[in-house]
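Have a look at these structures, which come just after this line.
Each of the next two complexes has subunit A plus one other chain: subunit B in the first, subunit C in the second.
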Partner chain A sequence: MTTKKFNFRLVPLILFVLLLAVLLKGLFSDPRERDSALIGKAFPQFQLPDLYDDSKQHTEKTLLNEAVLINVWGTWCITCKYELPYLAKLANEYDVKIVGLYYDQNYAPEFGQFADIPAIRVEVKDMLARLGNPYQYNILDLDRSLSLNLGVTGAPETFLVDANGIIRMHHMGDVNERIWREKLAPIWNEINQ
Partner chain B sequence: MKKLTVLFSLMFFVCVANATEDQITFKSEQQKSTYLELTAELRCPKCQNQNIADSNAVVAKDMRVKVKALLDEGQDKEQVIQYMINRYGQFAHYQPPLNVATSLLWLMPIGFILFAVVLQVKRSKSKNDVNVSETGAVQLDSGQLDRELELLLESNTLDGSSVDNSSKDNKQ
Partner chain C sequence: MIPELGNFALYIAFAFSILLSIFPAIGLKQNNTRLMAMAPNLTIGLFVFTLFSFACLAYAFLTDDFTVVNVAQNSNSLLPIHYKFAASFGSHEGSFLLWLLMQSGWSFAVAIFSKGLPVDMRTRVLTVLGWISVGFYAYIIISSNPFERTLPYFPIDGRDLNPLLQDIGMIIHPPLLYMGYVGLSIAFAFAIAALLSGNLDSTWAKWSRPWTAAAWAFLTLGLTIGSWWAYSELGWGGWWFWDPVENAAFMPWLVATALLHSLAVSEKRNAFKSWTVFLAIAAFSLSLLGTFLVRSGVIVSVHAFATDPERGVFILVLLTLVIGGSLLLYSLKAGNIKSFGKFSVFSRESMLWSNNVLLVAATMVVLMGTLLPLVHKQIGLGTISIGEPFFNQMFTYLIVPFALLLGIAPLVRWKQDKLNNFIAKPLVVIAISLTLSLTWLFAEFDEIKPLALLGATLFIWIMLFTALELKQTLNKVSFSKLPLSHFSMVLGHIGIAFILAGVGLTSQYSVERDVKMNIGDSAELKGYEFTFEQINNIKGPNYEGWAAEIYITKQNKFVAELHAEKRFYPVQRNTMTEAAIDAGFFRDIYISLGERLPDGAWALRIYVKPYIRWIWLGGIIVALGGFLTLFDRRYRNKKALAKG
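Then we have the complex of A and B:
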């Protein structure tokens, strides 16, 4: 009789252990780590100027025919400074095609804030000369319209786009050796076989 | 004291300055209320737990501007939410839909209530059982108590005599 009866005294202990498991999991999980809504979708349409040359326009079609890493960055972004040397290494040593999407965070005409493009160009040249230049070219997303369509939350973020223009991976945060090996390289190698 | 009042008035000044940051002209009261609902319901993807109305992150500002632009285009609330979810994922909306991943979230509270009800019913039943057995025990005890009382009384008289004896001894 007594062995069959559920011991209700154990309930708080069981609840405590469950809570402990949930909290412990939370302790070691990265809250920024979440599935992007864009994986498997086509790269959104856009028409934006080159960072160095206003007359040169880039569209989603210029990205086609070759797998490419789109790196969202800005000179204002501290983490980007730490990832630039590694990206440069990827570009130079592993022949990874990297295109920059320059994300300016000041430009907001609705609030009367405009960006100083010549100053940005000087800053970019200076920074790339110091830390290494991984970019084949940079797209200037001044009003962050393409970034919004890409679900970009800030910089740095990196997209892996295949030759057909399909987004295969969206990584928020910096690309380092660990991220490249675990997250990006498997897909990169798969689509470049 | 004067310094303190100056400090407080400065604090209020700062509050007012912040409150007037976004100046948006709405087409109608209807659009304004939809905008306020949306900016409260949409979640800033950069921040951990803020809606886009509360956040000063660049992406939250951009999303607010986009919400207004989409409303100006004539899109309704659902369309704007869908627009943001298509870009930022379900994360960007504060009302998770019912699916396999979120079913725990929706079903757990119901589970807890059911568990509590079952627990309460079981408890009240077992309590009644205990009452019955207790009264039985009391009835049994009353017989025993009588006997014990008798024994006690007997021993008491013996003790009394012994005490009397000892007192006599003392007097002697």
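Then we have the complex of A and C:
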């Protein structure tokens, strides 16, 4: 008669298997999903002035009833310059509604740097005249509160928001023909069917 | 063109790793020496092509090739050139290629420097390394290729490197850590090879000792510099945060330290053998676990890379194969390992055994503290956080017996010693240590804090015993005949003493003060007078910001003039605090610039941190000790190695 003794060297293996289970589970409940956390959520609430007209206020409600691309940009952003003509083409040829979310990178009141809004307006108009204007209107996010709520980490970034105000896609970097075709157009077409 | 060559070289390296994992193994099975002899050559090929591939990536970064996704996302045309180079391993993909470069580099070193090993052993070790490589290369090619193109539509400029990473510490600290992490794969490969061959005599321990020491020394240096980087760059004056990723690097270090000591027993006394094999597996497994934690996004940390569950799954599969496989092998085969060396309850062996127990306990504490929040969340109990107080308290309990034993152990004889010999001496030494440290603290700080007293006492205790041991040994052996590895031990222990004193004193006697200053204002802290001279607008290559000029005096004598900066990185829209530090052997003065207040004054935070440099000095001494082992004649002499 032999009684099998428990092999204590199996203990590390057993512990490891338990750990694996936890890690596997942890993998699919990402604590800091940034992009995908926004997708499927409502566009954050905001109330911000129009870039050209202080008296005109925009809110998340202005965006409703029609699918829209929200494009985060600035005249100081080099990549944005290369993105503008393509966005203008989207707006003019494919009737895509595009709204700009403008922020000024130099604005940093804690450093004593304030924004010169009239100068920015001139700069923006000049640039849009040269490169094409895709925007129905521009929202001025001077203190970057909306950008912050959207988790924007740089410019350009683009959000696709449907008619019910739900964010359907988020793209970091410039929108070009390939990105439009592969990432945005499928959802855009689905919404507008 | 160049990125394609790099990509191609990566595929060739992958092919080499597949060959390395198959043919030499067949050679071993069929006892075919020609197949076995392929192993070193395949390893050399693996290294050469990986090196070429890495060079191509670095080239893409240095030449601002924004057609490569990785470059576009992590570099910028305005970035200074050395940071462009650092950016090539600042991202997930790039750092993994660096990891592979080191993995193949270590394997290459084994192929070159282990000619003294028996052919079958050498082949087996290289084959195991080949197996690991296959997994890693497959991972980078399938899910993390650093050469992916943005073509045909590439951005005109990149998104810039995270400003946190734009620091000299960033250029050197990750590579050092990777050297350590990956270096532990060599000890692992030796252990697995020994398990596979069933031949676990003490020669195995002798072979793997220098490799373990080298990897461990790199890990020590990496941790030390990482700690210094956090201190100088993160801007809040801390030097260790118990951040999950720091913990992930600390655990392999703890286990590798245990392994080094246990290898000594295996080699010299033919004992602890099965345990040593386990530690070798555990050390590398914990390195891999650390990699998983950093790269999968399971935890939140300053170190974490962008998250991607697909990658996480891949690494998890790798973990399962490598760790699960080796633990399974261990549970099946380690039963055959017999340790012959007998020892009594009070002996060097039992001392080293206690060392191992304490180090493993410390590892468990860190592992629990790191993973418990995750487990807690996964089983639906909500989010908890385990922070500094838990770790600090646990480590205070563990470090006292550890440091006390560390002092005595080198004096205790192998096999058996008389406990009676170790009653009077320690009592005298502890009395001296206490008296000296009380005097020291009272003279310097006017106030005794218990934890500082503990650190200082343990420091003197270790120093005195190390001196005693050295004197005793030199009575028997002349200085020139003493093996270098003995000095390694001495340095290692002295280094730990410095770390203990540094931690104890700086944690207890550091002072800080938040001040609001206008130009011309002064503030006082610990006898230092800080005067806010002026504030300037500064402009760097890829940032702009403010620099405050602060003039420091002590008793009207000039001490230093510091420039604390606050920088704004437009491309990333990130604000960074560049602390100004006046470093000294006995104290650091640390200033960080806060916000500008509405009335035009500036908020500043001033710290005086006594003995903080001792922590890093200690780390460097410990690492030096590790590197010194490599020059020990016993491990360099090929004949001695072959004979074992």
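Just so it is clear, the second predicted complex is superposed on the first by the 157 of 193 C-alpha atoms of A that agree within 3 Å, B and C clash if a C-alpha of one lies under 4 Å from a C-alpha of the other, contacts with A are read in each partner's own complex, and residues count from 1 in each chain.
Methods note: a residue touches a chain if its C-beta (ideal position, glycine included) is under 8 Å from a C-beta of that chain, and two chains touch if they have at least 3 such contacts.
These figures come from a predicted structure and were not determined experimentally.
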>> One more residue to check, A:153. First (subunit B), second (subunit C), both or neither?
In response: both
> Taking the superposition as given, does A:95 touch the first partner, subunit B, the second, subunit C, both, or neither?
Replying inline: neither
> If you stack the two complexes on chain A, which partner ends up touching A:24: first (subunit B), second (subunit C), both, or neither?
Replying inline: second
> Given the touch rule stated above, what does A:82 touch, subunit B (first), subunit C (second), both, or neither?
Replying inline: second
> With the two structures laid over each other on chain A, which partner does A:105 touch: subunit B (first), subunit C (second), both, or neither?
Replying inline: both
> More subunit A residues touched by subunit B or by subunit C?
Replying inline: C
>> Looking at A:38, would you say it contacts subunit B, subunit C, both, or neither? Reply first, second, both or neither.
In response: first
> Looking at the overlay, does A:182 come into contact with subunit B only (first), subunit C only (second), both, or neither?
Replying inline: neither
> Hey, what residues of subunit A end up touching subunit B and subunit C alike?
Replying inline: 31, 34, 105, 108, 110-111, 144, 153-154
>> Looking at the complex, which residues from subunit A come into contact with subunit B?
In response: 8, 31, 34-38, 105, 108, 110-111, 144, 147-154
>> Quick check: in the complex, which residue numbers of subunit A touch subunit C?
In response: 7, 9-10, 12-13, 16-17, 19-20, 22-34, 76, 78-79, 81-82, 105-106, 108, 110-112, 144, 153-154, 173-174, 176-179
> Along subunit C, where are the residues that touch subunit A in the complex?
Replying inline: 72, 152-153, 155-157, 159-160, 274, 278, 282, 285, 292, 296-300, 304, 307, 309, 312-313, 316, 319-320, 323-324, 327-328, 330-331, 334-335, 371, 374-375, 377-378, 545-546, 566, 568, 570-573, 595-596
>> For the complex, give me every residue of subunit B touching subunit A.
In response: 21-22, 45-46, 48, 57-59, 61-63, 65-66, 85-91, 119, 122-123
